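Consider the two complexes below, in which subunit A is the common component and subunit B and subunit C are the respective partners.
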Partner chain A sequence: MNSLFDISGLRIDLDAHGDRLSPVGPVDLTLAKDECLGIVGESGSGKSLTLKALLGLLPDGLSMGAGQIRIEKGGDLVACQPERLRGHRVGLISQEPGAALDPLMRVGGLIAEVVQRHAGCSRTEAAARAVDLMRQVGIPDPERRARFWPHELSGGLKQRIVIAMALACDSDILLCDEPTTALDVTIQAQIIRLLRDLRDKRSLSLIFVTHDLALIHEIADRVAVMYAGLIVETGPTEAVFADPRHPYTRALLAAIPDMDSPDADLQPIAGAPPAATEFGEGCRFAPRCRMSSAACVAGQPELEPTGAGTQVACVNWRRSEKDAP
Partner chain B sequence: MMARIAQRARRGARPLPMKARIGLTILAAYILAGIFGPMLLPFDPDKTDILRRLKPPSNVHWLGTDQLGRDFLTRLVVAIRVDLPIAFAAAFFPMVIGTALGAIAGYYGKLADTVVSRAADLVQAFPVYVFLLVLVFALGAGATSFIVAATVIAWVGYARLARGEVMRLKSLEFVEAARVTGLPERVILTTHVLPNALPQTLIYYMSDVVLMVLVLSSLSFLGVGIQPPTAEWGRMIAEGQPFLRSHWWLAAAPGLMLMVFGTGLSLLADGLDDWLRS
Partner chain C sequence: MTRSRYILKRLLQTIPLIAGIMVLVMLLLHVVPGDPARAIGGMAASDETVEQIREELGLNRSFVAQYIAYVGNALQGDLGISTRSRQPVTEIIGERLAPTLWLLTAGMILSIVLASAVSVLAARNKDRAADYALGGLTVIGLSMPAYWVGIMLLLLVALPTGAFPISGFGKGFWGHLNAIILPALTFAIAISPVMIRALRAKLVALYRNDFVMMSRAVGLSESTILARHLSRHAALVLITMVSVQVGPMIFVGVVIEKTFALPGLGQALVNAVAQRDFPVVQGITLTTALFVTFVHLGADIFTSFVNPRTVLE
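Up next, the complex of A and B:
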């Protein structure tokens, strides 16, 4: 596989009065060219923090404790500082498009500012290219809309502006942090279609973070399931969805309402994910796991290949749900 | 900033509140009177006529004459040209310096924040009027030394305001978004953070001008501000004081000029604040 972006051993540390807590990691991720990697997990599983760490945008108090980020350059993977990725190779689309736009700048100006910075062209040229980018992200009547303030645009159009800003940097990797969560369903579908189109036309590679499994199934080529700061299962989307091996993945899929049998009870996962202070020696999912055994609390299981193209971090992955006591 | 306010008003998104309109009208009236009043009034504000001193209001001298026989209305109006520009300037320089220092402190934190915050504490440790009097005495009475002294003291308020606003703004997502697009920190601060902090600063500036015009007239009243024979409201109150029982308006009228100006500008600041927040 041709790696474009490779993260190995990423660990995010929280400095708590001298004690080191690691809410995330170690995490390994690989993104191939033109691929869409989906990261799923519930709130607090560390998926958004992982994205922020990749751009050096961790909030105060958190830091990247270990790990290496490598990016493809001239056929080789070279190590890179996260701050250096900003503004050219890697772009970020965030959850709340309204908050990501400076309310005191016209949207055309926001894009033009990035173009000017990136391409070093003149003001008028940057403005023209901003309009062109707005057309590329499917904004109707871009000449007129370029003169709008952010508050005059709808959520979907604002998200398109954010995407245009990322394109203005000529990024080849887009990190999408729940880009459609704040939008309603029809707009969601449009944005997903746009991201897919751009991926094909501009050969973008995406890392797509969400808790929406249906969305992941639709857009991602490969998926990584995160739980309590660790990847518990990863592999091609089809394989993971068809035959989930980790009890957490199974439970997640079982918790989706089934449209064909609307009367069937939902199967919730009992309990809540642990906080970073509660991480024990063993498997972090063990306290909520229906299949947990003595081996589970002995040590954190490593990801191991299952043979079906997926990797899973569970000592009991060979057992099926029915074997559970 | 002003362009944006004007634009918002033009677009008619929200009408300006009544208090802002009243304030704006009063401010406009003062500025127009200051510009055109002296041209329309036939008297020389500084020409004394000892034989016509302390005349009551009449057809010729609408507000009478003062203790040196100068036309009192002319002096009241000419004083606008003294009090207003000095007050606006005495609040403007601290605004520029204080906002810049506060923004740097709030944005970069660490050493910059420590230095600016401790310097602000140092200035604030002195009582305002005592510090101001000392500075004006040291620099010599007059408009320039008043502006310099005001700048030394008043930057603190702007710095604290800008520091707080910038700290709030820098944690917002659009600042992070600007960082993601690779803009350097200096550019993010000046083009994305500061413009968003400016409305609050501008409103604080207006109320600061009110304070400055009162401080200026107080100092002039005490004899360390604007020197005679220049017409200045605080000085005129001091000069009218001995005649309070027979010619009360000589002290009351400049006081009224101060009061109406202060009220007008405060109303404008308050109304704009409501308007920008709503």
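Up next, the complex of A and C:
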């Protein structure tokens, strides 16, 4: 596989704690050129933090404790500081388009500012390029809308502005942190279509974080399932969805309401994911797992290949659900 | 609502406000216990003199008639005549206005510069030694009365160095500037701590904001984020602080004028009160009240330009 972006041993630590607490990691991720990697997990699984760590944007109190980030440069993977990727190779699209835009600047100005910083061109040229970018992300009547304030645009249009800002950097990797969660369903579909178009046109590679399995299935070539700060299963999307091996992945898929049999009961996963202070020695899913055994609490299972192209971190992955006691 | 309509609305709102202010200014004369004309004339004045004063001030007419006359004269730039110096009140105000405006302007600029620098430094070093040290200094600044700070500056700076006058307003632009440095510093020490508290809190909150993270994500430098984005938010906080503090600021200004013997409106006011020179007291009170009103108006107009959401209904 032609790797473009490679993360190994990424660990996020809580600062100022007697004992080291790591809500995330160690996590290994790799992104191929023109690929879309989906990261899926519940709220609090650390998927969003992982993305932020890749650009050195962790909130106060958290820091990258370990790990190496490498990016392709002239055919080789070279190690890189996350801060240095900002605005060059890697762009970010965040969850809340409303909060992502400075309310005291016109949207055209926000994009032009990034253009100017990146291309070092004149103010008027940057403004013209900003309008052009707005057109590329499908904003109708961009000349007029460039003069709008963020609060005068709908959520979908605001998210398009955020995407235009990311494109203004000419990044080849786009990190999408639940870009559609705050939008309603029809707008979601439009934004996903836009991201796909851009991916094809500009040969962008995406890392797409969401809790929406249907969305992952639709957009991602490969998927990584995160639970309590660790990747528990990963592989080509089709393979993982067709034959999930980790009990957590199975439980997630089983929890999706079935449109064909609307009367069937939902199958929620009992309990809640553990906080970083509650991580034990063993498998972090064991307390909620229907298949847990003595081996599960003994130690943290490592990702191992299943033979079907996927990797899974579960001591019992060979046992099917039916064998469960 | 468009911005121009908002500004027009705010302008129209000031008309009844000013009318109300003038009612209060008129009442100044009448809240004095006893007979204002006797109070002005003094105990030794003959009844004829007191009657003459009463006639001159129009005190023998009804309150409404006095009010209409006062407003009418004020609109024509006539605020009456000093009962002591027989000088027109507007002339006294004109003479005394410059030092006060210098003090307030220089003091404000210094306060804003000081508050911005300290707040940025504290917010960028949140919960670190520098933040705590600056927080401590802010509390000290907040607890020192302005007249004491002024006296200390006179004793510890003006007298030993001889670089600054210990009283008066100096001559010419540079003389004025030199004379205003220590009073303005005193003003800033009194006024900036409250600004620092508000601004630091705002900056700390802003640094946690998503748009700051997004600005970093697109590669904007910390100085660009501060200069192009946070500065606008900070300006809104500062202008609001100026707006709500302008009353206390004028009071601080009066104290500082007295401490540094600046021949400004504040000192004229203190003297006029002591001499029961009511037309002067009224004129200066009206001037400062109008000043406060226009600062509020200016702050709202400024805010409507920086923050487009202000003009929303």
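Methods note: the second predicted complex is superposed on the first by the 323 of 325 C-alpha atoms of A that agree within 3 Å, B and C clash if a C-alpha of one lies under 4 Å from a C-alpha of the other, contacts with A are read in each partner's own complex, and residues count from 1 in each chain.
In this section, a contact is a pair of C-beta atoms (placed from the backbone, for glycine too) under 8 Å apart; a residue touches a chain by one contact, two chains touch by 3 or more.
Quick caveat: nothing in here was measured; it's all calculated off a predicted structure.
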{"item": "Combined model on subunit A: subunit C and subunit B, fit or clash", "value": "clash"}
{"item": "Touching partner for A:77 - first (subunit B), second (subunit C), both, neither", "value": "neither"}
{"item": "First, second, both or neither for A:94, with subunit B first and subunit C second", "value": "both"}
{"item": "Which superposed partner A:119 touches (first subunit B, second subunit C, both, neither)", "value": "neither"}
{"item": "Which of subunit B and subunit C A:57 touches, first, second, both or neither", "value": "both"}
{"item": "Which superposed partner A:103 touches (first subunit B, second subunit C, both, neither)", "value": "both"}
{"item": "Subunit C-contacting residues of subunit A that also contact subunit B", "value": "55, 57, 86-88, 91-92, 94, 96, 99-105, 113-114, 117-118, 162, 165-166, 168-169"}
{"item": "Subunit C-facing residues of subunit A, complex", "value": "52, 55, 57, 59-60, 86-88, 91-92, 94, 96, 99-105, 113-114, 117-118, 149, 151, 162, 165-166, 168-169"}
{"item": "Residues of subunit C defined as touching subunit A within the complex", "value": "126, 208-211, 213-220, 224, 228-229, 232-233, 236, 306-309"}
{"item": "Contact footprint of subunit A on subunit B as seen in their complex", "value": "4, 172-174, 176-183, 187, 191-192, 195-196"}
{"item": "Contact set on subunit A toward subunit B in their complex", "value": "55, 57, 86-88, 91-92, 94, 96, 99-105, 113-114, 117-118, 162, 165-166, 168-169"}
